[in-house]
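Listed below are the structures to be examined.
After this come two complexes, each holding chain A, first together with chain B and then together with chain C.
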Partner chain A sequence: MSRVMPGTEARLGWIGESVRRVDGIPKTTGEFEYASDLQVAGMLWGHTLRSPYAHARVRAIDLSGALSVAGVHAVLTHSDVPGRKTYGLEFQDQPVLAIDRVRYFGEPVAIVAAEHPEQARRAAERIVVDYEPLVPIVDPERATESEPLHPDPESHVSDHYLRDPRPNVLRTMRIIHGDPDARGDVVVEGTYELGSQDQAFLGPESGLAVPDGKGGVDVYVATQWLHVDREQVAPCLGLPEEQVRIHLAGVGGAFGGREDLSIQIHAALLALHTSRPVKMVYNRQESFSGHVHRHPARIRAEHRATRDGRLVCVQMRILLDGGAYASSSTAVTANATSFACGPYAVPNALIETMSVFTNNPPCGAMRGFGAVQTCFAAEAQMDKLAQALEIDPVELRLLNALGTGDTLPTGQRITSSLPVAEVIRRCAALREPDPEELPRAAIRLPGGAGNTTRGEGVKRGVGFAVGFKNIAYSEGFDDSCAARVRLHEDGSAEVHCAAAEVGQGVTNVILQVARTELATDDVRIAPVTTAAVGSSGSASASRMTWMASGAVRDACRAALVEREARGGGEVDVERVYRHRRTAPLDPETGQVGELPAHVAFACAAMKVIAEVDVELGLTRVVWIGTAQDVGKAVNPQAVEGQIEGGTAQGLGLALMEEIQTRDGLITNASFTDYLIPTALDVPPIVSELVEHPEPDAPYGVKGVGEPPTVVSTAAIVAALRDATGRELARVPVRPDDIVGLQ
Partner chain B sequence: MDVLTPRSLDEALRLRAAHPDALPIQGGTDLMVDLNFDRRRPEALLNLNEVAELKGWSRENGVVRLGAGLTYTDAMSAKLAALLPAFSEASRTVGSPQIRNRGTIGGNLGTASPAGDALPPLLISECEVELQSVRGERRLALESFLIGPKRNALAPDELILAVRVRGGLGTQTFMKVGPRNAMVIAVVSLALGVDRERGVLSAAFGSAAPVATLVTAALDDVDSFPEQVAAAASPIDDVRGTGAYRRHALRVLVARALERCLTR
Partner chain C sequence: MKIELIVNGEQCEADVWEGESLLYALRERLGLYGSKNACEQGECGSCSVLLDGSLVCACLVLAAQAEGHEVVTVEGLADANGLHPVQEAFVETGAVQCGFCTPGLVVATTELLRQNPDPSDDEIREALSGNLCRCTGYTKIFDAVRLAAQRA
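Showing the complex of A and B:
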């Protein structure tokens, strides 16, 4: 699908040009093959039996009923896992299939393969699991006083983590910067809370595993990082990595939710067991248990400033609910801590973050990765400070804006580009539309199509916020991306890169870089697979454009050199690109040593106009203007797309998106009850691309996917506060909070 | 799963009697969701889409007869909007264009959800439901047809043929509260009518009691009507909203709807 037919367009775009995405038309017309569309002859359907409990002991599993269902070819449990019984991104703590205990609602317990999906489901219903329900830990505040969910105290320990022996601590982190007791003339405090957001990708988890007849397996799957999947899948199958090939299947959105494994090991196990291809597709309800979510958070913040508005000290305590398994919680913890203060120069700080295990749905990566939560708290605090000091909120932010040469609370000096003051100025200068006259159509009022007001109760508010986060992986992670370029004799080229196209547009980035470097339009992208090229790293952390650009650039240049040296002919060259090295922070003080902890940063400012029906608690976001630090826009149209989508996702968290649970059980696992914004909820978004080339990055690029999500929740709620005069310290903001019930 | 597709009402009724396990399907916008989520696995479906007698609407002596197969898109037409303004406004709030093109009032009555958006506006227009089986026809007031959350008085061999409502009953409006601005199930909804000729206020709400509920009062009771309606509700806390909010919102909606209808 991602093939570009040479000659279909005169010129398909080099770096810096707005070009149509190559998968745009097939996706719009329905021709694009998503992972859920995969099909091969003779394929079986897999189905997962999941725990109905958030916490229970598994005493026994009786498969006999399931095995006797017509059409069933395999019913497998943990005892059928030939290799390692557990897997995980950072710690191998998650059972492939539950062993003696289930720790969250929806945890996989057994898997079935049958001729028809219906037979597989019916068979799964006939598996009898003898559970002994246990009291679930659902309040993260009380996790450290509860029985440990992972009894081995060494199971989640790392050298560069602060030692915290209390039960159920996933990671404790602390930054002590300057003198945390430093006093200011003015102090503002607040306690903030965020609910758990779901990535809500439209394409559910799905894939196809095909046995190769020689003991190995090919897995076609919608994922974010092929090679890290293979690293986790192969040991559980008891196979060497060469016998497991992971191929990218069409991804219907990811947003972090496809960093952890879903169907990969299960489908491969069933395929190897039955010697038949096995397809698995989660349904919508199952998908809510099929991936990790954004961490719900509770944040206590205290900001101290001088009378003239300079920040003196920030203290924050952050509690993240990691749910039942580690996933990438430890890295989310580090990010929340690192970016807690926002993009401001803060001379003194004490930031303490703890993530804990509970029996709530597991949390891990989601767009913004810890910085969303702290931005919401920090920006609310900045507004409180502005109010207390009677300073314009934009002025206050400018006064404290971080910039190149300044030092972060971790002691890391910013040596790369970070134009905070400029994004603030350029965003503030965007002209918002004048208030619309009444009467107007219902859909242009809060409550929208619901026809609830003709203007009664409606107040207008303006919000402003700034946010930032890191680009690429941090804390000493060896982050790389490979690309392989083949130059053919006819002058055309083929690029192999394992970078996952998750809808963000990396395919175009790769094409644009290759066309620019090779000075030809005739470039094709080869199928994305572990079989043909080294790891690209994850399509995560706003890193893929930077990393893939670097790798493809280097491989193209090397290929040209080689062709030159050989005097023509076919060449095939692979290169691995690395960004600058980082190192962990000091576990006691959270300070950097010689190397930085983060590679680079990107920031964004956002202004929001909202109208709120203060009697019904309904909202219409009227207009959003934003200025974002993008380094260099490879494809400006795609950058705008990322800004609009990222902003919409932050709007969802601000106004409606929350996974609700009762005793750890998800109660709104459907798109009927887990609402995401519609076209009537997302206003026109005006984007200013602020282009200051990142000195260390290929072509000066920066990642662009996350900053809009980091900042938009904070900016939207700021507008709601302005309209209502209420504190609104929790997201999603409920109508009850706006009208002041309870 | 078999799909039975009758071409006439007679055939439909005979098939219905012969196959009580075959679930009637009209637009499928409720039923197919249930099938997809594996909540139901009927032996067969009785596809009503080819039964011409269920389609369209007619008007006789002030009574408007709406066929069970009338879609929300049909209901938004200018002619019906003039006769049944609240019903037409309610139809506009349903789902998305795709759902409004497929979804029908027969299906809304069949599902009998407390959140069904067709129900409150029908209730304020003196609605009777026409039911038919091979045994004959009967008519039930909509209040008697709705017997509980997702429960109605349909017998296993009956089909919903149509509803009959009174058109042109004064001024009316419909409002629906949900946490997003389109495509949302009512957290609470309200249809309200002011009939000056007969001196009656009528309000019907959805999602604030086990069934959509009608409240009427004399025209003089305008001031106390918001409170009366809120008092008739018995809202619960659920994933979509709290009971306290629903009651609060109902008060606000009734006051605003009265204002709209009285100043029109």
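Showing the complex of A and C:
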């Protein structure tokens, strides 16, 4: 790390520079400590017994067999939960351990602590649970005609939701904008479907709980939001929040999948029960049940336009399968609804979204958060319109592009930066590679070495898509981030911020802001813990760069003022940053009142070249070019990394990733059966950073993590459609869909 | 059962049970946590190590099978003079995000460049296709491999 004196020209690691990751070296040498690497003397291993059924009544649990296994120190069930028996991000509807019913495959039923992980596993196998299997609700279309999974009708209501008394409705939302009956010269329709995607972060759920000997507990865990973990953990343990300290352990990727709790309460319960430190690590199979997933969706869309290509009206009905528990489904519902039309000026619209409870795996946050699903449908519709109107797809998008000053279907006027037309133009101008000759090496054919032809059936296609979503929390959620800055007499500084480093690089952002503000490179980032600083909010919603930048900036400036006032010495200040207020939409009409529903937006355009072997149904994404609205790139290399990685995740959803279930049971819970893109699947990705400072954000920053994932599934499938001439209305696209088998 | 093996040049002894993987023994018996446990069925490459000079997934090798053999893990690549050039290149090009795949990829890249000091882009892709990365989209990992190859 550089040590440059303030005032010199050779500054390293300030805002706007590509800076090496502070954790880069230890991550390449193997020294970086992930949650799964934690160890402490006297530590026990925890293991979770999970439901083999998607829906069953739990009649009795016999622990005697497990308790007799050598090395076992504790076997706990719901009756051992000393405090509140349920938890959840938005509604406390999820049992810590199943009480009298299990609602999804893999739901935790009992937990074990033992000397060796294998002893814990074997003890869990000897727990006898008397289940009465119930018929699972697996078709979201029929959920509202089924018995309620959560019988209390008031359990999932909120003042700002439209009341919908039907059983198993998680949230119904509607936007009525202008005249939804407005007619156009041309109408295109489509029904689209998306499978459920897994975050598939490589570092499994893991953590270590250490009893403090005074009735409290320290939990070291891979998470996305320390303080909201504490808010959920403490009541279940029956402890005041001060007695529960959550510390960030090394996180091996997150992508939304660590917003909900996994091991936190379980490990703490076992640790408090045994008075020993307890470590828990899920294996990959367990991980598929250990976190929520991206909502599978069915979307029916109708777009009407004038003959010259102007959108007149969009109608969309969106059905999201929320699975067994609420998680953040209500917010995902709001996002899907808000961004359904894509980044286009739409004068009239009717958008109706419903998320439902089923006995399928619970769904919640995943990168893109509802906007991925609707972008896939909306962009397919734009291509259908372009075809019907015989207008170039890029031109059609430019003609309808939203921009600052325009109004969203919610009635919110866009006052922040949203350069949709510019990202479209700059992306369209990227030069794609020339077509490749045949014959060629098998590795360069669709399907790679699996392609047994000479490429006779290979067709090339070009796809284009545009997408957008909100940055930071919306709908009136109190969105704040705290930072604490200590200035030492020797001129060095220490920054505390609870922002979770999940791999995205927020630690560098914090460091760059502090160096810039304090005009010194001598800045240290303190360990991330609830014990030292207030909440940062979650590392999600593409918000952490913006929010942490604001908080660290404000704390640094306040610290400098205080040092000045005091004439030197040690200074320790904490500041809380908030962006401008938002408010919920009207429940009946989905329209804004005085305050906006979203604080800001970011958009991206993507062009994809793909080849398809139309005889074998195999695909190869050849090249991807993208232009993304990034506000101000704090660390350009890291921004590119977010774009490339986010694009690859969208590629996974387009071509291969789907959690498959049968009667609610996951049938592909492994990396053998659930495929994620490899080095052979992801093509070269060229990214253009479009920098228009966000007027309300510190340094003009925007979040960058989600837009590439929002847009890439849509853009890739567009290229496959161009190559095959088929509708390809469902992702992931299978070989059977390409060759036209039913 | 007791096994003896050479890890990163040092003679080691570990007390393992029969079903234990080399990965578990490296991590929990020998305290070498650099090799990662992401899938534990040989699909992701996060636990890549060199066993007698061959690239293997440590999760698919029984600890007992390593008896009398030589293992090099990610911890064994840097020397007293500093980082291995592959490690250096990964940091410099931004090939590291969450980093969970990085140790396996660093080991795999080291082995690739030993066998093929000047790999083509296709050869890089093929050689690293057994190492999953969920964060980077691989683009900057390829940059890292090319940079390390140039400098070698």
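Methods note: the second predicted complex is superposed on the first by the 728 of 742 C-alpha atoms of A that agree within 3 Å, B and C clash if a C-alpha of one lies under 4 Å from a C-alpha of the other, contacts with A are read in each partner's own complex, and residues count from 1 in each chain.
Following the convention adopted for this analysis, a residue touches a chain if its C-beta (ideal position, glycine included) is under 8 Å from a C-beta of that chain, and two chains touch if they have at least 3 such contacts.
Note that the structure is a prediction, hence the values are computed from the model and not measured.
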Touching partner for A:660 - first (chain B), second (chain C), both, neither: first
Touched partner set for A:67, first chain B, second chain C, both or neither: neither
Which superposed partner A:741 touches (first chain B, second chain C, both, neither): first
Chain B versus chain C as contact partner of A:283, first or second or both or neither: both
Partner chain in contact with A:202 - chain B first, chain C second, else both or neither: second
Chain B versus chain C as contact partner of A:672, first or second or both or neither: both
Superposition-derived comparison: chain B or chain C, residues of chain A touched: C
Contacts of A:684 with chain B and chain C, given as first, second, both or neither: second
Partner chain(s) touched by A:450 [first = chain B, second = chain C, both, neither]: first
Which superposed partner A:505 touches (first chain B, second chain C, both, neither): second
Footprint overlap on chain A, comparing chain B with chain C: 283-284, 443, 670, 672, 677-680
For the chain A and chain C complex, residues of the former touching the latter: 18, 20-21, 23-25, 27-34, 36-37, 39, 118, 199-204, 251-255, 281, 283-284, 441, 443-444, 502-505, 637-638, 640-641, 644-649, 670-672, 676-680, 682, 684-685
Chain A contact footprint on chain C (complex, rising order): 17, 19, 27-28, 31-41, 43-44, 46, 73-75, 77-78, 83, 86-87, 90-92, 94, 96-103, 106, 122, 124-126, 128-142
Residues of chain B touching chain A in the complex: 33, 36-38, 89, 92-93, 173-185, 187, 239-242, 244-245, 248-249, 252-253, 256, 259-260
Interface residues, chain A side, partner chain B - complex: 121, 283-285, 443, 446-454, 456-457, 615-618, 620, 655-656, 660, 667-668, 670, 672-673, 675, 677-681, 734-736, 739, 741-742
